[in-house]
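In what comes next, chain A is part of two complexes: it sits with chain B in the first one and with chain C in the second one.
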Partner chain A sequence: MSLEKRPNGLESPLRRKLLLGTAAASVASLLPPRAWADAFPTAQVNTTGLAVTDIDVTVGILHSVTGTMAISETGSVEAEKLAIDQINASGGVLGRKIKFIQEDGASDWPTFAEKAKKLLVNDKCASVMGCWTSASRKAVLPVFEQYNGMLYYPTFYEGLEQSKNVIYTGQEATQQIIAGLNWVEKEKGAKTFYLLGSDYIWPRTSNKIARKHIENVLKLKVVGEEYFPLGHTQFNSVINKMKLTKPDVIYAIIVGGSNVAFYKQLKAAGIDLSKQTLMTISVTEDEIDGIGGENIAGAFACMKYFESLDNSNNKAFVSAFHKMWGDKTVIGDVTQAAYLGPWLWKLTVEKAGSFDIDKIAAASPGVEFKGAPEGYVRIHENHHLWSKTRVGRARTDGQYDVIYETADLMEPDPFPKGYQ
Partner chain B sequence: MFMGYSLGEIGSIFAMQAFAGLILFSVFVLMALGLAIIFGQMGVINMAHGEFMILGAYMTFLTSHLFQTYAPQAFAGYFFVAMLVAFVASGAIGLAVEWLLIKRLYKRPLDTLLATWGLSLIMQQAFRSIFGAREVGVQLPDWMMGSLQVTDTIEVQINGLFVMTLTLMITAVVALLLFRSRWGLQVRAVVANRVMADAAGIDTRRIDRLTFGLGCGIAGIAGSAFTMIGSTSPTAGQAYIVDTFLVVVFGGAQSLLGTIASAFTISQSQSTLEFFLTGSMAKVTTLLIVIGLLMLRPQGLFVLKVRK
Partner chain C sequence: MSQSLTKNRNIELIGFAILAVLLVVVLPLSLDIFRLNLIGKYLTYAFVAVGLVACWGYTGILSLGQGVFFGLGGYCMAMFLKLEASSVANTKIQSTPGIPDFMDWNQLTELPFFWVPFKSLPLALIAVILVPSLAAFILGVAMFKRRVGGVYFAIITQALAAVLTILIIGRQGYTGGINGITDLRTLLGWDIRTDHAKYILYFVCCAALFGSMFLVRFVLASKLGRILVAVRDTEERVRFSGYDVANFKVFVFCLASAIAAIGGAMFTLQVGFMSPSFVGIVPSIEMVIFCAVGGRQSIIGAVVGTLLVNWGKTLFSESFPELWLFFMGGLFIAVVLLFPRGLAGLVTDQLLPWIGRLSGGRRQVAAAGSAPAPAPAE
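The block that comes next holds the complex of A and B.
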């Protein structure tokens, strides 16, 4: 009886504290941790031999801190460590402190799979926060399904995937794309679009969805669609083509170092982003650091989170993040989504009253996190998040002004009908 | 694709496209020059070439910061200082690497390939530890951004003009050194016949070291210039290395003219194809053309005829 009641009793004061934007103390810490943990004996909350003891629980962090992807994944690692710190300061999970084991995926997909296996089989991690690229997620997915682990995956991605063993804390493609296109059609009166992307699965799938939406739903026109090899640094030819076709909107899904080349060359070619509408779904504050705010000011980005978001959760999050990692670090969409991982896991474990993977997977749908920096999120039956989509406009200082947000939460739809 | 456009519009697009091709040509020459003189003279393929370029880029980043902090009024001209710093830093490290690593491996060309590849990994991780894993943004003086309005519809990028001028100057200096200086004479002697040159009293060791240092220094300048068009991050050098090899191998080692001719062929075909096809397809087609031509001329475009 007490087992079932306690999580509910905990829920509302915890929420209120989180809404206040502090995770420093929850009702849990009013009880001595031991007492809290004693209410949930290890034998009952951990029936499958995970790394859970009476005093702590081990989770894994699996990102690239070396290699090409270290640029992007560093922010995620930082956010996850911050969340773990805050959860521990507020009493831990079911009275147990979180310990983490960090492994380096080294930007190499087989290494990701190998390290995932190590975290699940040798270390018995109760959950893993990790991966960034779709390729790395695809590499570890069979491992998580075979050894029944739980992965919290932070990146916005192309969709077309759903697993009992993964919670997707970033947006899938339709959430990110459709609201932005609707907005640009309504607010900017856009009629023609030029789609650009780096040549791999996420930009291609996303542009496919964008094209279907533009042509079939909005009844507008796509005047060009192009892809460039990863790491491409010469965009003058396509810029000339855009000068010829004069699209109302340049829709850019270019990633990594290519971004820097693209925006610098766009500016050098005299395309003024205060007059030419450009919308991107791939440039977060992290990328602007490299591009330089002066080169991209005026562009619109469509995603669920911006560092400048004005709400009390976010203010507390931003200041805690800067305190832990330095004032100069910026926080992009994925970094925030990575921060959600440990919190969602904690809330799910407490809802389930158990660390068992099967019970967490079953308890995940409906778990809501009101302390999310982006505002409020809830896990859908398909293990993606309900979340709002926002449009931001880049400023010269590298931050975005949030100029639009959807009134309602967008429903995650990883297998969108009519868009494939 | 030209339906519904006036002749004037099409004309100006072609003019700008031609200019885009010339910029790409200059970029390729600048990238490949350092690698080409090292490969030509010593037969060493420097896999860490891209990292020497990024070292130059990081030096530019540091110089821009120093200027912003200590001499903001002189910021407009910092780029010239930065290129000098980049040349000295990359060149000095190049000399050190030659002395520590390369000179022990001259008789083992495959091992130098492996050793310089290892060096590139070491340098990447060093950048990551020193400057952080994230990209850094190099701020440029205002005069270098933007474009010149030539006619109503034709615009020319200032940074493109800058890269072209720079490439022209560096190529001229290298050509002058190779064909008018004592060092150049010795280099050409070593290229023609290393053993004979040694026997004739040329200090081939010293020549090698200088060549390697100069090649790396030029890579540093190239990296510094590319902060205008590309990104600066620990692994950004990888983006340049493939194109660089392509230019050098296609041009034929040991020939400055070959490098230039090959850079011209590749850049023109790529930029023209990019206009009519899409980015990825243009790359594929360019590579196919290069493979085809290399099958016809395995030695590359220009071959130095020497008795071996």
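The block that comes next holds the complex of A and C.
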């Protein structure tokens, strides 16, 4: 079958449709773009007036490219543009090329809301890839629900949310935390934990889940829990406390620039991460770029993706990414999750046979992407992704060695019972 | 001289009329609801700029913390709307139904005491004005009675902005933290998210803005306004003349803050959420820039400046998502270098005399030319 030559990601829904013997679809897939429009007339696949024509479809990219979050969100923008490029090169979505309109959220939540509204109301974007921080997502969520848009949100986040109008391509908190804690208990024989975090909703909710899991499920002990304002740079007093309490595991959810100070001060205080177990869920390859590999080498990170992941999808993804954006770029967990957005949307549209938001929302559960750099993902009924949890150990060169992955996909559970 | 004053007053009234026609007739007819809603959002910043004209332009008190009052007003409104949106029916998946979602996430099990008054709309509306005014009063009394002024006062207001931001972010169980108070839906059962509601809110916002502009104009045109100008130009002389300068400063600072707070409340209603990103140092300084671009001694100029800067911000950032900040920076530098009195100064110093020359009225030109020079910026 000619389809076999297509990149992996194109396979699943289209192929299923072909195997079912839908003649129109099978003919259409072999025809040049013009014929796609005949097989799937615009009037039929777009009944709600989205920006879809016979030859193209417009999506939005909404991230901060200026302001304090720009450094984190740039990778997501790059990944989304790469995915769009690749989708266009392989024939587009229902035969239509993707055009994108990029807007700058400027690290400012109300700006995100304003731009989201613009993308939906003025530009009629068929979907939007975007947002990074929880605050920006919270700001745009009512906009997406009111104007019935579809947002692909890439960041691992605290959960406690589920919307018809959002596909969460990152992990919700339990997916990132529980498997990692189980691993550290089993492999490191950990008995006591010290929880740290930046002071906002994601670290607080994550540590709440971690504490419940440690105390109620693993029956172990939390010896300390502390929070620091965003941008905090003085960690000496908490480092001293940790030296006194000697926890088996330091569990750190410190975000952004604070990380640089934290890991440097840990090292300066003589805490050797090759002996002291430290687990983080907030440091990806992107952050190590700023922290410096030598300062964090030996720490364990719990993510779903690492750039060093060894599989053929990822090799192709990493080399395409470097080709497009330069060899110096690093790819963190969120960047990979952002790359999933356009692909999942394409697969969902083709499964639904329509660009209509309601139909996409209904068709999303069960959509699987076999070309995912992280291996394989599938959308759950709750619009989050089934994906594996992995533990990596930081190397001095800023990459992680993947030392553990869960055997099965972890089920997303944004409202975990017993953890609230 | 009295003739030229009357003339200036006439020019000002014509300015008000043009602005009113533009905001109330032209824009609603020519823009779709999305753009109009954006204009409504910009107009809420114009409240702050109008307050700054009284406080900074006329009295010489440079406050770099007006975002605090804008934010307090906005938060008071948001607290009421959030409580209405958090009915038991809407929040039944929470461990404690009936309290705002972020409190539930932060393990709060009952409504904090200071949230309770915000269940009532009249109390919330009173709080919108009262809380920021009280904050301004306390700060004003503490500073001005001790004769702290100028740069020192500006720094203190900045510190206040920083303190309040940290407080809001740090106490997220009580304030919503860095996410702010989001997902506001109805006002006494009236859905504020519909297009129809947005139109109505826009006109309410315009009405409130013109009300504030006339109030400020009334104050500045009165004898009180003369004293304020005198305080700006030679504070010592006013004091030696037997006036208690501090009281006047406290008054005008409270006035500016109350007006900023009304803007904040209108912002919450139109945008549908409030977050600490409006309280901090950067937005506070931005609001001073709006006022400076428009002309800090002109009420109309401040409103127009706010509209233009924000319009430029939206336009540039839509067209050049990665470069727009440079354009904005360039624009500010250009305005400050070329028109130190802002756009309003451009109109009164350049445009009007030019029109005067065209119509051959040499006497008026002389009158305009002899107007007292503005005091240098602090």
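By definition in this document, the second predicted complex is superposed on the first by the 390 of 420 C-alpha atoms of A that agree within 3 Å, B and C clash if a C-alpha of one lies under 4 Å from a C-alpha of the other, contacts with A are read in each partner's own complex, and residues count from 1 in each chain.
Methods note: a contact is a pair of C-beta atoms (placed from the backbone, for glycine too) under 8 Å apart; a residue touches a chain by one contact, two chains touch by 3 or more.
Not measured: the values here are computed from a predicted model.
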Looking at A:141, would you say it contacts chain B, chain C, both, or neither? Reply first, second, both or neither.
second
Just chain B (first), just chain C (second), both, or neither: which does A:114 touch?
second
Scan A:65 for contacts with chain B and chain C and give back first, second, both or neither.
both
Applying the document's definition of touch, where does A:335 land relative to chain B and chain C: first, second, both, or neither?
neither
Now for A:207: first (chain B), second (chain C), both, or neither, which partner does it touch?
neither
Look at the residues of chain A and decide whether chain B or chain C touches more of them.
B
Quick check for you: in the superposed arrangement, does A:199 touch first (chain B), second (chain C), both or neither?
both
Go through the superposed model and pick first if A:122 touches only chain B, second if only chain C, both, or neither.
second
Quick check on the superposed pair: does A:240 touch chain B, chain C, both, or neither? Answer first, second, both or neither.
first
Is A:284 touching the first partner chain B, the second partner chain C, both, or neither of them?
neither
Would you please give the residues of chain A that touch chain B in one complex and also touch chain C in the other complex?
65-66, 199, 229
Taking the touch rule as given, give the residues of chain A at its contact with chain B in the complex, in rising order.
65-68, 70-71, 74, 199, 225-229, 231-234, 236-241, 243-244, 256-261, 264-265, 267-270, 286-295
Residue ranges of chain B touching chain A (in the complex, touch as defined):
1, 5, 9, 13, 16-17, 20, 23-24, 27, 125, 128, 132-139, 145-147, 149, 155, 157-160, 226, 228-236, 238-240, 270-271, 274-275, 278-280, 282-283
Residues of chain C that touch chain A when the two form their complex
32-34, 37-38, 41, 93, 95, 101-102, 105-107, 166, 169-170, 172, 177-180, 182-183, 185, 193, 271-273, 275, 277-278, 314, 317-318, 321-322, 324-325
In the complex formed with chain C, which residues of chain A make contact?
65-66, 102-104, 106, 108-111, 113-115, 117-118, 121-122, 134-135, 138-139, 141-142, 146, 158, 160, 199-201, 204-205, 208, 229-230, 415, 420
